[in-house]
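Order of writing sets the chain letters: A, B and C. Residues in each chain are counted from 1.
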């Protein structure tokens, strides 16, 4: 059977139709099914580059850094009663549709760290590379940042570190403790008044000279 | 999935300006290749004896659309990071009408006017001056019409989202419409060219 | 049927006629354009455009001659920013300069670059230039209302299946065809 001779334009048309038909099965945006590189992820966990400590996070907040998104994975009520300053609230199932982009730095925390670890794995599997959990979760935050305790060995270096931690604790509305009582017994803390902006940091108030319009035509 | 390169930090803003220039070179080159440096050819679209504007525009759209579909599917392009101009139906519908009128009156659109003035068309220079004047006028009335300009905000939405269809299905439909359109355009051209 | 039909044009814009090389097959030109657009998506995560470059340039110029007015103007503020970057150091400005260079290159290559005024046979140069200016003004309004022109909205947004862009594109054709009959004296 001889195929008919097609002009260039007709060939282009056929090519377009074929590609268009094949595209029927396409899924250019990420769907719910993911691919996991188990070895790579295990390595990341072992090298401990998958988390940040509460102290590090506290330093970022104090510095007023705006290059990360902090996500609180607890329920809305728990979020209302207290959340780490600059945090946003999103539960695990909602994370899939949450407006976070793959080129952003995303820090997750939950009460103790289990949910944040699970969310970490799910996000990493979907191609988010800059994902971190807060080591110890909110419990760790209370222990290290809000209510730091004076360590047993009190050399000058440890005392200096404790002083700094006490200043940071006061900044966040907490209180350094010298009685050695564990943080879990401390009362729930009211949301402290913040110097740095609460919620995702917005660079300038509206009305002030804004950064130039970057995208758009 | 490390593209778009700029958004993943592969290069900084300065280099992106160089990239802009190079992309512009390609853009201008193909615009002129297609004959869009000529107002007569552009306006002919609206008199039906030369449907090149339709053909070039929709071929470009289909090409890039298939491109992002396949690159996204392969995981080579992060589509979520490609900027989508937010939709504001009211002003965009009105803007389109006004732009269409401006197209026939002036004979160019902003991009083609640049291509034309680069190849020596003096009317394109006047057209560009007109754009500056019009932009200035717009800037003056903008505070008063702000409400309308920001009306009907729908955010960044795509056709598949709004019609609740799969991306692939909409792509397929667009390709069908385009190919049928090209075939129809050729027929229309023949009809209007042979008219005595 | 009208009593006297206008002469069908024999000179450009039909492909292949007039001085210079014949134009490229529109489908091939379209594929070329589409690939450039795709490259923009992959490299920079945005599409092409043109009207924004005019806004930036105008804002810069007005700021030069009447800075108080420019900085107080709500629209121009967006293009002037907070003073940390020069308004002309904008992506679209560089892109549009490239468009001019690329078009000149293609025009010279094909022998189609020449100093001329594009107009129909029945209209005077002066009137044509006036219409070009008026068309540009209209176009500016349309483009700024729609947040883009045919390059930014129709091409870029069209490829990304953007709702606003497709609506816009449709209306451009509607608007153009509606007035074509009334403007035919300029082109035919």
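Rule of thumb we're sticking to: a contact is a pair of C-beta atoms (placed from the backbone, for glycine too) under 8 Å apart; a residue touches a chain by one contact, two chains touch by 3 or more.
Everything quoted here is computed from the prediction, not taken from an experiment.
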{"item": "Contact-richer chain pair (by C-beta pairs counted) among A-B and B-C", "value": "B-C"}
{"item": "Identifier of the chain whose CA centre is least distant from the whole-structure CA centre", "value": "B"}
{"item": "Mean-CA-position distance for chain C and chain A (Å)", "value": "42"}
{"item": "Distance between the centres, which are taken as Cα means, of chain B and chain A, whole angstrom", "value": "37"}
{"item": "Inter-chain centre distance, chain B versus chain C - centres from mean C-alpha coordinates, in Å", "value": "9"}
{"item": "Where chain C touches two or more other chains at once, by residue number", "value": "27, 31, 46-51, 91-92, 143, 147-149, 151-153, 156"}
{"item": "Residues of chain B whose C-beta touches two or more other chains", "value": "7, 62, 68, 71, 77, 81, 83, 85, 167, 171, 174, 182"}
{"item": "Contacts with 2+ other chains: residues of chain A", "value": "9, 215-217"}
{"item": "In the complex with chain A, residue positions of chain B that touch it", "value": "1, 7-9, 62, 66, 68-73, 75, 77-81, 83, 85, 166-169, 171-172, 174-176, 178-179, 182-183"}
{"item": "Residues of chain C that touch chain A when the two form their complex", "value": "25, 27, 31, 46-52, 71, 77-85, 87, 90-92, 143, 147-149, 151-153, 156"}
{"item": "Contact set on chain A toward chain B in their complex", "value": "9, 13, 16-17, 19-21, 23-30, 101-103, 127, 215-217"}
{"item": "In the complex, chain A residues that touch chain C", "value": "8-9, 12, 204, 208-217"}
